[in-house]
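Inspection log for the structure reproduced underneath, given as structure tokens.
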Amino acid sequence: MKKVQTPEEAVHHIHDGASIMVSGFMCCGQSLSLIDALIRRGTKGLTVICNDAGFPERGVGKLIVAGRVRKFIGSHMGTNHVAGQKMNSGEMEVELVPQGSLAERIRCGGAGLGGVLTPTGLGTDAETGKRKIDVDGRKYLLETPLHADFAFVKSSACDKLGNAFMAKSAKNFNLVMAMAAQHTILETEKLVEVGELDPDHVHLPGVFVDSIAFARRR
Amino acid sequence: MKKVQTPEEAVHHIHDGASIMVSGFMCCGQSLSLIDALIRRGTKGLTVICNDAGFPERGVGKLIVAGRVRKFIGSHMGTNHVAGQKMNSGEMEVELVPQGSLAERIRCGGAGLGGVLTPTGLGTDAETGKRKIDVDGRKYLLETPLHADFAFVKSSACDKLGNAFMAKSAKNFNLVMAMAAQHTILETEKLVEVGELDPDHVHLPGVFVDSIAFARRR
Amino acid sequence: MSGPPLSDEKQGKRERIAMRVARELPEGSLVNLGIGLPTLVANYLPQGKGILLQSENGFIGLGPEPPKSKADKDLVNAGGSPVTLVPGGCCFDSALSFSVIRGGHLDVTVLGGLEVDEDGNLANYLIPGKMVAGMGGAMDLVTGAKKVIVAMEHVNKFGQPKIVKRCALPLTAREEVDIVVTDLAFIRVTHSGLLLEEIAEDTTVEEVIEKTAAKLTVLPKLKEF
Amino acid sequence: MSGPPLSDEKQGKRERIAMRVARELPEGSLVNLGIGLPTLVANYLPQGKGILLQSENGFIGLGPEPPKSKADKDLVNAGGSPVTLVPGGCCFDSALSFSVIRGGHLDVTVLGGLEVDEDGNLANYLIPGKMVAGMGGAMDLVTGAKKVIVAMEHVNKFGQPKIVKRCALPLTAREEVDIVVTDLAFIRVTHSGLLLEEIAEDTTVEEVIEKTAAKLTVLPKLKEF
């Protein structure tokens, strides 16, 4: 059984300077309550790995607006003008990664791989600092693993072992991030008893989850 | 809508010398009826990529016993003594790949990756012929993509677009193989109308499927 | 993602581009439509052709926007707006979504552009010092899709050509663009450069050439759209 | 996978190994049990400790063998035999299964061995010219799991030591073994070699040393099991 906590309890041990993977795509499938609890806690100097910088007033974007993010690694920040400002002012370091490569890099971190080879980004600025490797006469970029101290992931429903189900497009980065972090906190809208989820409908095995935070659907 | 055929019709265009990925793990989740149809058709000189050589009298193992397999790429053949004999006699070429690396190599083929780096096999015979690449001071083997002309995959149920559901441990290599082949044939125990499968319960998107063969559960 | 309301003329141009792009989508194809102009293509999909739309945030079978009362926060498009699923749709995580895109399973990607050049290079994700949106899934889409269609207005808001000899902005991908559809022209990228195959019914070859900063080869039997 | 029936004595030895291995499994751990002897460990799992078994063919929550009438052809273990799922189990494909194994999410892997040596090298998948089974998932398991326990008889069927100075057979993995449990001994692989920590209640240190072809350091306060 995994610890079931409030969002406040679940983020209590997150230290300044921690790296956190935050699932979600434009806030869909994002652990909004964990983020809000972390903002209230005041934790700062974070490295945040998230698909996008979201919106200034919601989800991961609020962490950026509140000045808690030292470095942002993601694929897109066009919907959060504050993120762009903080990047231009030098207040926040930004590493832009093509979305597919971002997913693979996180997956590498969780799956024990040392990297993957992809043609995405060849001949673009995304090449910068990356090794090029030839396989069978084709050139690829070597994309290396991403890891983090914590992952904030989100489910529509989970059981007390952390086995989780994500409705529709709320899946996105949840599985790969839960695998790639040292400590994964699962925010869930619904908590059921062990045995209630169909084993064939589990999108995220509970073995990747360290603690569960219950928070209403929002 | 995908073509729905008999197993015989579905394998009719498979030529001598073709490469075929066959899903299944000790025959569980394996397209037994497609294999039987291919044996009846007489196709030979095949390269077969499958987790294991199965059993002499069932599934992929029958293809080996019938002498149709020129080259076998898999992780295990201990349950099919004929496979071992054919390897030792030189009648069948065998490439043994660690099971996790096999899954990743097939996934690479389907996901457009040029390879993955893994520590599995380092310092063993599985290194033979593989490049070693250092990342952050750690050594890895470069495992390169596997592709095939055809994939034989198997579902418990699918709709007429090929969206498929695999019960319990019958999932195994189905998804990655369906992605990695030029032409994927899905054998299914049950065929439902489009819209009958819950979009959150689909294990294999129909976009990876080229044709469907209906065959009773066995 | 919605900006200020567009003038009727501007909206008309965008609809024309979308209509022409829609005609390029093969029967039974899997298509990804980018945010903005490309999204309009969904309104003109040929019926009964079994075309499926993929959304890179994690599903196949993108359907129309729902009425507000039916919006589901767990079902949004890549722009974050509520959408629906068509029957036969299915959902998956980002790793599988980009395996679809990067593994060659996507037949067509339609996306906007800032610049396209004679070699089929595309720039559409960054204006240094100004727009810092990021590439999102664009680099993956353009590199992975079998066919890349850029759908954009022929000139930018300053009236300057967006089809140029050589992209000046940071590239999204090199030599991947197959077709450019604008309010004025349908242009194919070939090994020997840009081929003007069709022009809009209310323009002339001269206008297209004047508003293009790249060499255009004009197809002898030029069609109109 | 079932061979000829075993003698009572031989079966007793195997059960003893399984019992001792079971005591090594931490509370709440995720464990993979190999085919053959390691499978017996499932019969001795400590109750109420929340230990979950993983099966590399694609699930977590491996339960006992069902009665024949309840066997489900879609639910087998890595040896192809019918099994059950415990409540809270979940199923997945091979790519995710090996991400669990190779990504460091598996706490313990228990598997058989042909040879283990002083450096913690393991050979267990191939006897050139004889056994051509293949490595299956063994290389991944041994390389990926946090703790590797080899469960095997102390000597082979010819009475020869299986714990040796240097493996002669092709390796499954280099320097990955943590613990060896045999019918005679519990041996830990340390940076300074093999440490004999426990012996079976019906043997002596002398017998263990005699039947081991590697250097053993004997723990001063040797325990029995």
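Annotations
We just call them A, B, C and D in the order they show up, numbering each chain from 1.
Going forward, a contact is a pair of C-beta atoms (placed from the backbone, for glycine too) under 8 Å apart; a residue touches a chain by one contact, two chains touch by 3 or more.
Keep in mind that this is a model prediction, so the values were computed, not measured.
When the partners of chain A are compared with those of chain D, the chains appearing in both lists are B.
Among the other chains, C has the CA centre that is most remote from the centre of chain B.
The chain pair with more C-beta contacts between its two chains, of B-C and A-C, is A-C. Between the Cα centres of chain B and chain C there is a gap of 35 Å.
Here the CA centre of chain B is 28 Å from the CA centre of chain D. Note on chain placement: the centre of chain A and the centre of chain B lie 32 Å apart, centres being C-alpha means.
Residue positions of chain A with contacts to 2 or more other chains are 104, 107, 112-113, 118-119, 166-168, 175, 199-200, 203.
Taken residue by residue, chain D touches two or more other chains at 59, 85, 91-92, 98, 102, 144, whereas all remaining positions touch fewer.
Taken pairwise by the contact criterion, the protein chains fit none of the simple patterns, being neither a path, a ring, a star nor fully connected. Touching pairs of chains, sorted by label, consist of A-B, A-C, A-D, B-C, B-D. Touching chain C in their complex are the following residues of chain A: 25-29, 51-52, 74-79, 84, 87-88, 94, 96, 98-101, 103-104, 107, 118-126, 156, 166-176, 203, 217.
Looking at the complex, you find that chain D touches chain B at residues 1, 55-59, 72-76, 78-80, 85, 91-95, 97-98, 101-102, 126, 129, 131-140, 143-144, 170-175. In the complex of the two chains, the chain D residues touching chain A come out as 30, 50, 52, 54, 59-61, 85, 87-92, 96, 98-100, 102-105, 144. Listing the residues of chain B that touch chain C in their complex gives 1, 107, 109-113, 159, 161, 163, 175, 179, 194-195, 197, 199-200, 202, 205-208.
The part of chain A that touches chain B in the complex is made up of residues 104, 108, 112-119, 133, 135-136, 138, 140, 142, 144, 165-168, 199-201, 203.
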